[in-house]
């Protein structure tokens, strides 16, 4: 899958061709041109999304961009003003939540406080009229799988945060939902527990192969867990792709600066050859994807986005020279903030292993750009 | 298929709407009786008239209106002054037993009803009552004090009647004040007294206004207290309404007095709210 | 931590005031308690001789028996109707917007500020106008109107404390609205429903002013019977009845406090 922005992709997807129809078979969830307004706020603006069966897809974006709204539309807690929602190929736009066969885990879990763990987990099965014996069996099975055996008769108030989360997950999974929806499920947990739970959730998702839509505004969480990431901003999906694609080939300036840390350098466009472009920074020539620069003529100034780990100390053909403003010790590495007024209007961030000899503040250093993962965009007037 | 997005709406709303209509109907009846002629000796009424309202201007009735207003004001103020410390203690006390005790002592009278409470005060304040017996026994006084049938007596009992509800409303307001504000003030060097007057009291402003308004309305509604404690010497509008209705069978006049009383209550509460606007606006 | 002397003084003064106010609150109850056991018909302090004859009087006086039965009937009917009506309407107010929402809510809450004698007068006239006899019906309806605000408020508070995600979670698990209501919403509202009903029942049983207007000799409730008694007789029978009243009400409330947490119900618990 290439990293073309979704706007382009959906033009194809929206056309009634046979390939699209065939592909629809593999789609667990589809949002077609969905718009949702709250009064004057447009929470979602003509959003298109296709989630493949069995994948772990993350909706990533800043606060208020419409992630929760999108999830609520899939869940059936909200109904769109425009557009359609499909689950498993079936049109569900007007189908109420309780007929959608979904599982959801909320941020604070929303476990029924007046029911035991077993009743919480068995709730969905009971609502479906499953026989008592089968309910008991399936509840026991999922609780064992979630490492919750022995806690059946506790009330949610008597559980730790991690246990509550596992119960919420068990409750959502035991009904074998067509899609599992997770709205920032880890944000209430402390840091250590959070990483443990992330690994656990990812493993269970793999094992059960359940299609999962995960909402977060934490980019590192998104990068580490997802099969694909959909970057959302201002009610639209801006780019969809694997974590590598999103990180290495951001489709626009917003995504480049929203995901991972990045410094912006002034560069000059030298030439464009097919899918690659070459830009000049100081004495160095850097190859970048041509996509974002399409139609630009050589000689113009462009903004080059580089990640801190792409920068290294060098002498000779350096891309830029600068002065170390501050160093920040981070344990396994050291962050250096560099002033280079000739190459960048803001401070440049680079990263060195902490066992290396690190230049002190005030030192003048030369920097080179390594790898092929820098991206350039036409410069904007500031 | 369009989903039904308002489950239970009709079923759940109907009874409430019916009760609201019933109440509205009763109030409309009072309104329309207030502008009717009385047919002496009958529950039926005659034609349209404004005479009931002009009759109210008679000094005899004007006096009752003034007394009523004065009693409402006195009661509201005393309830506030006595209720605040109680409410503060109720919310801020750390010991559960103390909290429960205050709560039960405060709330029980709320549910006793006016008759039991007023009667109890007759026993306390009467000529042979508790206070007079005590004072006479210890020879503090030679003659029994006359408290019953006086404005003072009625005020004491009215305060006792409204104090619980005012306390509860103040306590609710105090309970919702974030103690972080008080801690912040303390950390800036303010002593307890200053913290109280510069932070706690202003932040409970909305509760104070609500408490005053409620005390006012409740006092206005009192009937058994002025009837039994006032004993005909101190009258409130409620007593007049009852007297006119069941004594003289002049229901139109009773209705017009009720309407005037209602208008007076609402006007007073509006004035109170307006005057205390700054208090109410305080807070986050 | 040592408090400055001024702080400690303030602390003790505050305590003294609180104790004094509490004393004022319970003084009549205590005095009535003493009077109720006095053997003589004339009130006197301290009582010369103790006796239970006034309590016997309470249970043998016919008007009190009739009043008690009537009161119980009216209370059970009115508080139950108010519970169903108020709880359902609180739910509607919490969930839906509709025309005249504020108007209906205002009308239902108005009896909190409209004097009871006005409500009583209104129902008296209404009953007379539609030729309804002054039976139990009008008494019950007047009581429903008067106690409904308490149920409404109590359930509203419970509803606002209810996490809406719980109902969404239930729906996502396949529960239809009816099932969500019965298995999630209702159980979680139960304390609010119960305390609302309890308040309504106690208030209805003790309601006096409006009842005085709408009851007849046949339908008079206990407070009306008590009022008539006080106007006719001066003996301590009423003191004995008051003691029973106070003890019963305080016990009920103490039990409610134990199991429901009155503080939470009355919204006076520290929330932050």
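Read from first to last, the chains carry the letters A, B and C; within each, the first residue is number 1.
Keep this in mind: contacts are C-beta pairs under 8 Å (C-beta built on N, C-alpha and C of every residue); 3 or more make two chains touch, one makes a residue touch a chain.
Remember, predicted model here, so these are calculated numbers, not experimental data.
Peer 1: Of the chains present, which has its C-alpha mean closest to the combined C-alpha mean?
Peer 2: Closest chain centre to the overall C-alpha centroid: C.
Peer 1: Which two chains are joined by the greatest number of C-beta pairs in contact?
Peer 2: Result of the pairwise contact count: B-C comes out on top.
Peer 1: Counting only Cα atoms for the centres, state how far chain A is from chain B in Å.
Peer 2: Measuring from centre to centre gives 60 Å for this pair.
Peer 1: How many angstrom between the C-alpha centroids of chain C and chain A?
Peer 2: Computed from C-alpha means, the inter-chain centre distance equals 56 Å.
Peer 1: If you average the CA atoms of chain B and of chain C, how far apart do the two points sit, in angstrom?
Peer 2: Once rounded, the distance between the two centres reads 15 Å.
Peer 1: Multi-chain contacts only, two chains or more: what residues does chain A have there?
Peer 2: 96
Peer 1: Got the chain C residues that touch at least 2 other chains?
Peer 2: Answer for chain C, listing residues that touch two or more other chains: 177.
Peer 1: In their complex, what parts of chain A are in touch with chain C?
Peer 2: Per the stated touch rule, the residues are 75-77, 96-104, 106, 108, 110-114, 123-124, 127-128, 171-172, 175, 181.
Peer 1: With touch defined as at the start, can you tell me which chain C residues reach chain A in the complex?
Peer 2: On the chain C side, the touching residues are 163, 165-166, 168-177, 179, 183-184, 187-188.
Peer 1: Sort out for me which residues of chain C touch chain B in the complex.
Peer 2: Listed in rising order, the residues of chain C that touch chain B are 4, 6-7, 10-11, 14-15, 17-18, 21-22, 24-29, 31-32, 34-35, 42-46, 81, 84-86, 88-89, 91-92, 95-96, 98, 103-104, 107-108, 110-119, 121-126, 128-129, 141-142, 144-145, 148, 177-178, 181, 199, 202-203, 205-209, 212-213, 223, 226-227, 230-231, 238-239, 241-242, 245-246, 249-250, 253-254, 257, 262-263, 266-272.
Peer 1: What does chain B use to touch chain C in their complex?
Peer 2: Residues 6-9, 11-13, 15-20, 22-27, 29-30, 33, 43, 82-83, 85-91, 99-100, 102-109, 111-117, 119-124, 126, 128-130, 133-134, 137, 160, 163-164, 168, 171-172, 174-180, 191-193, 214, 217, 220-221, 223-224, 228, 238, 241-242, 245, 251, 254-255, 258, 261-262, 265-266, 269 of chain B touch chain C in their complex.
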